[in-house]
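Structures for review follow.
Look at the two complexes coming up: chain A is in both, with chain B in one and chain C in the other.
This part shows the complex of A and B:
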């Protein structure tokens, strides 16, 4: 078994054991009439704060605070543990207050967005690798314009040299919109490259109308199409890999605020009984 | 599948212009740019009258490469002032020095870094790191006052030994007088200078760049004898003693082997200049251009020890040649075959050995090994060689699964094997979050020192970050020694206080990992030179976070375990990472 898989197994087993231990403690504590809700709440707050510290670690790379890999592994498995603890703490019933409902909803949203991000960060990178040359995200808009220009120049060259409008017409109707488009947000999930295949197919079927000189230019256009496909895949994939954090992080800050309110309310009203 | 950005199906912006006639220029010649434009015919005459040159037979030099031409174009007369540093221990140089007048002092003890004009490195405390982060400038690479060790007034920058009287006491130095030659071993072997040498008083020296030195050695038996003799006296014995096979031998046997050892060099000394062309060539063309040091199936005539550089170990595979591994400094070739032959089973060489760039080798004849080494082998080495002889397969540590073999072919072809801290990114795990780039910028004054982009093979990217090479060709030619090895671990660092922005290192780096960055003032405006009006630039590159308490920030900032800084000589560790 390779080291990454072994690590995943080990940490999963440890987390599962911790979940079982917590469940058993909850059940036994309930029988013994111990304040299990208080204990589980305190543990949950501690866990949430530790989970949130991962982002602080990222902002301070110059301090010897341990590797980000170790932090992420803790973040993942402590995250799963906190979900189990939250379910124990909240109980099977529907929340009765507005704050409780908000807390419930936001906690599960944070957990769901985290789980989605984890899945995405394991599922998408190998697909980007197989798509073609890895590109720097910030450079992609410039490269897209460059491709558009190159395609336009090639078509103008074909028009002048071959005195034919076949490629120019095709460029106006199909290529120009294709080179100008940006992929949709979730296109990496759908593995959607239909537009690329359509443009490629139409370019291939156009060959019957082309001269030999135009054929050579069509070959270069086909290369540009392939480059645009990879460029779209890299852009859409990298964008999605960045954007999920823009959901996860604000929700996390919201959760911390709601948790603080919940803790204050609990402490405030617990003194009255 | 190896992917090089310059060879990808579509290379952005690299289409040659259509219908433009090629420009015609005279082919560049070696002496188009002499070492010094100030070398006059009178100077050449004076040098040729020096005892070291007057006895040389000019007729031994070919007409295309006369001794006079070598002195005129490959040498320069340098005048040093008292206390001026001629060479510094640990620096890489491409020239040797002959003292014409005056004297020089060899420091027996290495002076401290600030005495040599080197930046002192102090690992900051946690609070120090935090404070530096808070105070980092808004703009990358902000101009600061330079140190006082560089004197820009005298044309070429000069570096003086600080506190010279304290460092240069009579019991702390060895004096070299007029007529003495030094620096030739470091120049020809591309090894670091082994001592710091300072001008004793006003001193005149002839500096000969390595090309001239190589030719003089080639065509003059006297110089060849002199240089080889010096190598035998100063370096060879210690090199042989460090070789595991010979370590156990008594001193007199080692001397006997040293006397029989031949020096051989293969490939281009300044291979970085042709590297880009070699990268763009097809695999077959590239292989054909690599000088063959030893041929598969030939009888093993002797043992080859790699002294400097790298060699490709390959064998025929159907219609091609399959790379099996690579050899670097201190490794041997042909040992198993020689041993098997000595044991009575004549065994030809199992592999080809080809020079990657420049390789300097030592050749120990088979007869010497058979008479003086094999009979005295310790039991553990004997057992290992017996096992290697019995094994039908390779004893090379590189695993030959399909993936790693493609990766091996890639790193050898692109010569990334030169790296001691090559940045490898596992693209199947990298989420392109750029936490590594941000961490680098946060620890380097807002200017990240690498680009997360580079050639790829089998889902592994070699990012454009300094490799901290075993053979750092970037150091050759740095006029101030600003780029230097920072410590025993071999990190290559640029001292911003002595960097004059000449860009020699950036042009020499075969991997393009050194960036020339325009300096800015505190308001973000470019700083320009008073005399020329050109922006003042500085060379910047990865320093492996040598002054960070947490080590390389890029590695520790990667949350996905996707990035490592790999020492390419540690093949087994590299294999483990690839197979994880």
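This part shows the complex of A and C:
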């Protein structure tokens, strides 16, 4: 068992043990007529603040606050713990107040987006590596433009050298839209290569009408199609790896605000706290 | 293999700035300018490089990644020879994320702000609907969550206590509202000193929960959780939660609950009714067999709530056998009580000592009755005289001191005054004197026993014909002349009373005419001379007042069951320490006393005093017992044995020993065997009738009103 897997097992077991211990404490505390909602709420607020500090840690890389990896591991497993604690705290019933419902919805959305991001960060990178050349996300639009230019140049070359508009027509109808397109948001999850296969299939079908010179250029176009496929895969994958944070982070800040309101209300109105 | 899209040669690479807010609008076309957009998203493009001046020449500084030095080179004024057309910078992904985060933060703050706004707070922050009952009584948050409770610096315990007081304002939970089970701490300590033993091991979960220690504070809200919906059961609590405070812990009612020790016979019955002797001895007796009940239902009936079984009452349950005994029909001797008597006084000694006594019968015997003494003590002068007389017998004052003789004379005049007042004023005299006496709590009107002034008048005319004049003179302060001793004729016997056949030896016939006529006035209604008088007590067979001339006594005969006079005097003297009260109580409580009240009715010492249990156990809506049982719900489960399916006799139990001199209702040996838990667990199992604690037990116990009226909540008109 490698170190990474051992660590994952260890932390998972520790987290599970903590969840079981909290559940037992909640149950026993309830039987002993203790204000378990108060205790679980306090612990949950503390956990949420620690989880939110992960973002702060990323903004302050120069401070000796531990490695980002350690923070990430804590963020992941403390996140799971907070979900269990939240479910204990909120109880099995549907929230009855507007604020309670908002808190419930936002917390679960934060947790769900976090879990989705965690899964994505484990599932997608190996697939992107297998897809082909790894690309810097910010450069992908420029590379797409470059591929478009290269394809255009090849077609013009074929038109000039072979005095045939077969490839030019094909480029106008099929290749140009394909090279210009950007993949859909969730195409990595569906492993959607349909557009690439369709363009490749049509290029292959076109070969019977091509001259020898055009065939050579068609081979180069096929290479460009493959490059575009990888480009799309890299782009869509990396975009998804970035976009889940567009849900997770805003909701986290919203959650912190709602939690603060909830805590104020509890301290203000409850007679048991 | 196709060439790589990205160059790995460092100086061929563009310098990416993903952290920047803005990206050059031409970056996607591969011709981003080297300066990039400004902080506010403005394009800063001028040319492909910033030419550098070397010596006196401008040199192109274009990056290798852009093709190195350009062919036209810098212009003479030092500007780039390859100008870059301006672009429209676009926001970076990171910038968009930041904007969305800020927007979400602001929206959340706005939403949270609504929670802090008083107008929307009740709607948005209300954690859930109140139960129907509380939704009516508490329409504002402040009704329960008062400002005082939210005052800064309030401890949690103080806030909870404050809130509990709000609960108690409406819900009366007795004097120990916040104590476990509403029981005083001392009583709780007593109860927990020897807890009943469970019949199984303690559940592990309770061992663990108990290890947390007792709750530091048992606030109302620890069990009653509001804001859980209109139909939420506020009284719902888990069995484990019930047990966590208990010393005896067990798995379930059917598994470990202690066996019943004395349930439901912990308290002594209010009536002394020996079921065993009645069923096994009296009901089988041929004399009573015809009127003996054939089923329990003939004597018992369920209360309207179905819980308590009531005794149907004397007429239905007891009268057939015991009425004659109570009315005194079978009683040998006098059937009434001596209420008033002309006691013996040594009138000679008093006269010799210079105390005028007026007329007084020679045949007077005995001392003051306890009733008379009680009434006399209602007057200060008489009370002082009685105290001065002490133990001296007023009927023999030969050895008495002068002071005692004087006291005896005062007592004599007090008796005369009482007698005269009874004759002239009747019942109000008794009421007035009782009100002034230590027995003020005695039911005054009932205590008169509907006293008959006419009976007293007849007695006065027979015994002391000049009483009224003498008392009037004495009260004026005049000296009353000595009169010849009165000799009273017996007029209430069964013998024939005729004018012609009057006993020649009867002293009455020698009396002056006026005396004779007044002495016989009581006999005036007896018109036919040949008729006989029945015994005086027989003439008031259903209760009333009569006199006995031979003993100079005025009697009261009780009028059957629940006689008001006996109830008033027994109730008023029970537990009193005054000698007169004790004598009255002893006289009335004897088994052979008229009415024989305390032969069946028990007497309890309670914290509020000693009470005679005139009534059998009744439903008390204001009293919540720890254990409840609904008889009516179990009738269909009775077997062939009927009620005895559960209530079995404990033959040989010293039931009678629980009564008599014992005044503690907790000391009791029932003549029924304690209920067996097994008789309940046949049905009360989880899969059948359930076995939760709350099916049989109440948490809040004691005497309490169901709901306290809130005067402030009443409309102004009826406040």
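By our rule, the second predicted complex is superposed on the first by the 270 of 273 C-alpha atoms of A that agree within 3 Å, B and C clash if a C-alpha of one lies under 4 Å from a C-alpha of the other, contacts with A are read in each partner's own complex, and residues count from 1 in each chain.
Operating definition for what follows: contacts are C-beta pairs under 8 Å (C-beta built on N, C-alpha and C of every residue); 3 or more make two chains touch, one makes a residue touch a chain.
Predicted model, so just to flag it, every value in this text is computed and none were measured.
Of the two partners, chain B and chain C, it is C that touches more residues of chain A. Residue contacts after overlaying the shared chain place A:124 against chain B, while chain C stays out of touching range. In the superposed model, A:249 lies in contact with chain C only, and not with chain B. When both complexes are overlaid on chain A, the residue A:157 reaches chain B alone and has no touch with chain C. When the two structures are aligned on the shared chain, A:223 is found in touch with chain B and with chain C. Legend: residue contacts after superposition of the two complexes on their common chain; A:4 is shown touching chain B, with no touch to chain C.
In the overlay built on the shared chain, the residue A:64 is in contact with chain B alone; chain C does not reach it.
In the superposition on chain A, contact of A:136 is made with both chain B and chain C. Of the two partner chains, chain C is the only one touched by A:265; chain B is not. When both complexes are overlaid on chain A, the residue A:102 reaches chain C alone and has no touch with chain B. Shared contact residues on chain A (touching chain B in one structure, chain C in the other): 133, 135-137, 143, 146-147, 223, 226-227, 242.
On the chain B side of its complex with chain A, the touching residues are 3, 5, 8-10, 12-13, 15, 18, 126, 129-130, 132-133, 427-435, 438-439, 442-443, 451-453, 456, 459, 461, 548-550, 553, 555-561, 576, 579-580. Within the complex formed with chain B, the chain A residues making contact are 2-4, 58, 60-69, 71-72, 121, 124-126, 128-129, 132-137, 143, 146-147, 150, 157, 223-224, 226-227, 237-238, 241-242. Taken together, the chain A residues at the contact with chain C in this complex read 27-35, 93, 96-100, 102, 133, 135-139, 141-147, 223, 226-227, 231, 242, 245-246, 249-251, 253-258, 260-261, 264-265, 268-269, 271-273. Residues 2, 4-6, 14, 16, 18, 23, 27-30, 32, 93, 96-97, 100-101, 103-105, 107-109, 111-112, 115-116, 123-129, 141, 145, 149-150, 156, 159-160, 162-163, 205-206, 208-210, 212-213, 215, 218-219, 221-223, 227-229, 238, 240-241, 244 of chain C are the ones that touch chain A when the two sit in their complex.
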